[in-house]
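The same chain A turns up in both complexes below, where it pairs with chain B and then with chain C.
Up next, the complex of A and B:
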């Protein structure tokens, strides 16, 4: 494995070069990502105004604003595009060409995607994070920053596991856009992307935060970033998510092994 | 199981025996508005017991119409597909179970599905290949120099791939697939849509690698002109190999006919010529004949061509197209042996 590290380092480098070939697109993406939460601010302003209360689910209006900016920030770091890369290869028939090289197709695809993700994180995520800390007056302690970074790493692992599971399905179904939309919509709801989890009834919030892993994709890191969650609570949620991420990664690896056999035996 | 004819001398790089492959697919029997909702499951037999062998250092051409099973066979040889029955050995390895080991020793160009990165110059892809195949820096430079010279790519490789012509892309794809100097190169339709100079450059590169390194080539094509460099030809039709032999034997087997164009000063005596062959075209001052190769040595025919009324005549290069069409029509599922 380690003797092949140079191969995957080359894929990483190619991924960065490829992304930088269209730097204008990266800049437009930056503007859009920072601007996207502004729509949510208007919606939540109306909700708070209509409710006539100063807090909802323990969040003030300004905390809710901060929360949704933080959710956008988390998404910059944790939304891979490996699924679409694989679907393109399957639909376009390029998968076969990728299998005739002495590299692990799945690993090389993930490495390329990671390179794009890290470039986005450097060009968009870090400046956006600094901007939010300064504009929203967030007191991000080193402890919370370390916790936030760890949560992002677990979130990324979980997202890769989910995307690889769906990508393996693409080998059987070819088109998985609708399936992905359905799954992503459900995840957006139960992860805290559309609604902070503390806005749910207590029993539902408990399940979503301490039994299911999806909170790591939005609620837990966003709440950590704005300091709205206690450290033990964040650690517990992260540990649950990590266990799920590892289990789903194993399932994805096994599913892929089966899917690759199907391609090579049944002809895809 | 069909026996393979193992050639004497060089070892066999490819050995295929009784390979079969079928796919389950769907067809829509009707063409109405809701036809897509009523699919019928069918089994497509892509290979129906294929056996053949290719020796080291040989350039072999695999010829066949679209859907004849060529690409399926290529996928079997490169380990992307597993045969339903029969055995496949490439460089002494089982391609499917030993694919990772095999891919270091072969190069594959799969038609339009190239190795090149669309938004980057081809040199970046070449550098990626250097890392993938762990090619030492000095060898990489030497090989790149050799290939870019022979394929006339010097000014091309630094341009973004998406801006290159189809011929330039195909040549760059070829370079990316052979930089590690594989023992076997499989080219799936390498000249499709490629202009004449690029085709010629590719042929020169292939022959040069065969001569200098004993590289074996298997080239699938449905373009007859690609056969010029092939020593061995396999013709596939409906999942079977219907011909396995040399180009010369193929021509001999089917009569080795040639076309002769004759121009006359004034209207010629057509009847005198029809004794020697079949009239393909006829105008007042021109006749095109199809004649047996042997007629070109026939004194009577030569004398006729030398008569005063003949302004000019030419014997056309051998065209395999009619031979192949005849072969497809005749084989009736049997293998042609020569």
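Up next, the complex of A and C:
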């Protein structure tokens, strides 16, 4: 057991080294993430000004600003790239060599990916969160902070489940960029990354918040972070997302088991 | 000895033809690209619809006008994405062009011809069709359209050259170009809305230093009849200058290329 932990720790270190190979690129990419909420800030400032109303969809202008910054913060914690690692392994032919290693391929890939995610969360996410609290005057109580952290954990679990399901498809299709792009674009919209879910018509907002899990990837944690959601409502949405995440994780595990039986490695 | 422009273009078209042919061998991949593009446009339309449902919208722009600008921006960035310029630093680093530099083809033709993002033509067709549909709803005249095409095409080529300069700089200084995708994504989001809402300084920045406006905002303004002839001529000249300076910079910077791979 402990011997295995040592092996996965090596994957953990390798993941960080891999990502830091081109550190200039990584730093520029991270800085650019701040740009997206700035664009939305300008757009919504113009819209609020033209509309002449104090609130839109129950959000004041300052809440809308804070919301888009909070969405960027959530994305720092919840966007894995395990899918691309697996697709590269399948397309480049490294999958065969990786499968014969004395470790679980799927788990080792997730650990490698998680290492960079955790480093990014520590180096970017935490300072960014503190800055947002200070600059946007967010009163983040311990209760809301705990809720926010647990929502991020559920969001990460859900994203891994979705990515592993699509990654398993790569074994059959080889190339999954477009499929992922279609799924992620739809998820970005219905999770509240593009617009807060309370801007949607009531019937759509109800479905997206309480029946589907994707709100946990943007709307629910962002609204929790800025204190724009009641605790029971946040708990209900998180519970729905957790149930979905567990079901999708199980489906991904079963799908991988099936896909592994279909693999044919060519070459020598 | 180098080829003439007609031969260079033929080289580009033939290389794209074979890439496309190889791509279409996998029909599922083609269908996935179709799905991806469709979903992208559907969410774009829905987002603008929601904005105009909950508010009076972006000041000075009707629902249809903003849709038009948004589709024009999509067309521009789908075109830029087609050439996969972000992969150029990695390809230079690995020496993928070393065997090609001795061929009688210009550096631009080489950089714009390798394995492209072949799912993108679907996006280009989608954008163009939606753009034409919204233009017909807006009742835009043919005369404006004739003036629009040279302005837009020149702006588009100028942006392509400029992004290539950034990619060569990325190769020289950070050896990787993944961030170029993030830059394009950010510029794509920015240019889906009128540049004047960002304030005077960002508008100048997005018109001159990162001139995304020359292939999005200003051509849209022209079609909506908000740009006069002097400004039109000025933008045309500016786009041409961007192409000339960028081309010079690409060649000058590539003098520092020392070969890669192993």
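Criterion: the second predicted complex is superposed on the first by the 254 of 268 C-alpha atoms of A that agree within 3 Å, B and C clash if a C-alpha of one lies under 4 Å from a C-alpha of the other, contacts with A are read in each partner's own complex, and residues count from 1 in each chain.
FYI, contacts are C-beta pairs under 8 Å (C-beta built on N, C-alpha and C of every residue); 3 or more make two chains touch, one makes a residue touch a chain.
Source: prediction; values computed, not measured.
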Which superposed partner A:50 touches (first chain B, second chain C, both, neither): second
Contacts of A:17 with chain B and chain C, given as first, second, both or neither: first
Touched partner set for A:177, first chain B, second chain C, both or neither: second
Greater chain A contact set [chain C / chain B]: C
First, second, both or neither for A:188, with chain B first and chain C second: second
Partner chain in contact with A:103 - chain B first, chain C second, else both or neither: first
Which of chain B and chain C A:9 touches, first, second, both or neither: first
Residues of chain A that lie at the interface with chain B and also at the interface with chain C: 22
For the chain A and chain C complex, residues of the former touching the latter: 22, 24-25, 28-29, 32-33, 35-36, 39, 42-43, 45-51, 53, 56-57, 173-179, 181-182, 185-186, 188-189, 194-195, 199-201
Complex interface listing, chain C residues touching chain A: 26, 28-29, 32-33, 35-36, 38-40, 43, 46-47, 50-51, 53-59, 119, 170, 173-179, 182-183, 186, 189-190, 193, 197-199, 202
Chain B residues touching chain A - in the complex, by the definition given at the top: 21, 23-24, 72, 75, 78-82, 96, 99-100, 103-104, 106, 108, 110, 113-115, 117, 119-120, 124, 127-128, 130-134, 160
Residue numbers on chain A that touch chain B, as the complex places them: 6-7, 9-11, 14, 17-18, 21-22, 92-94, 96-97, 99-103, 263-267
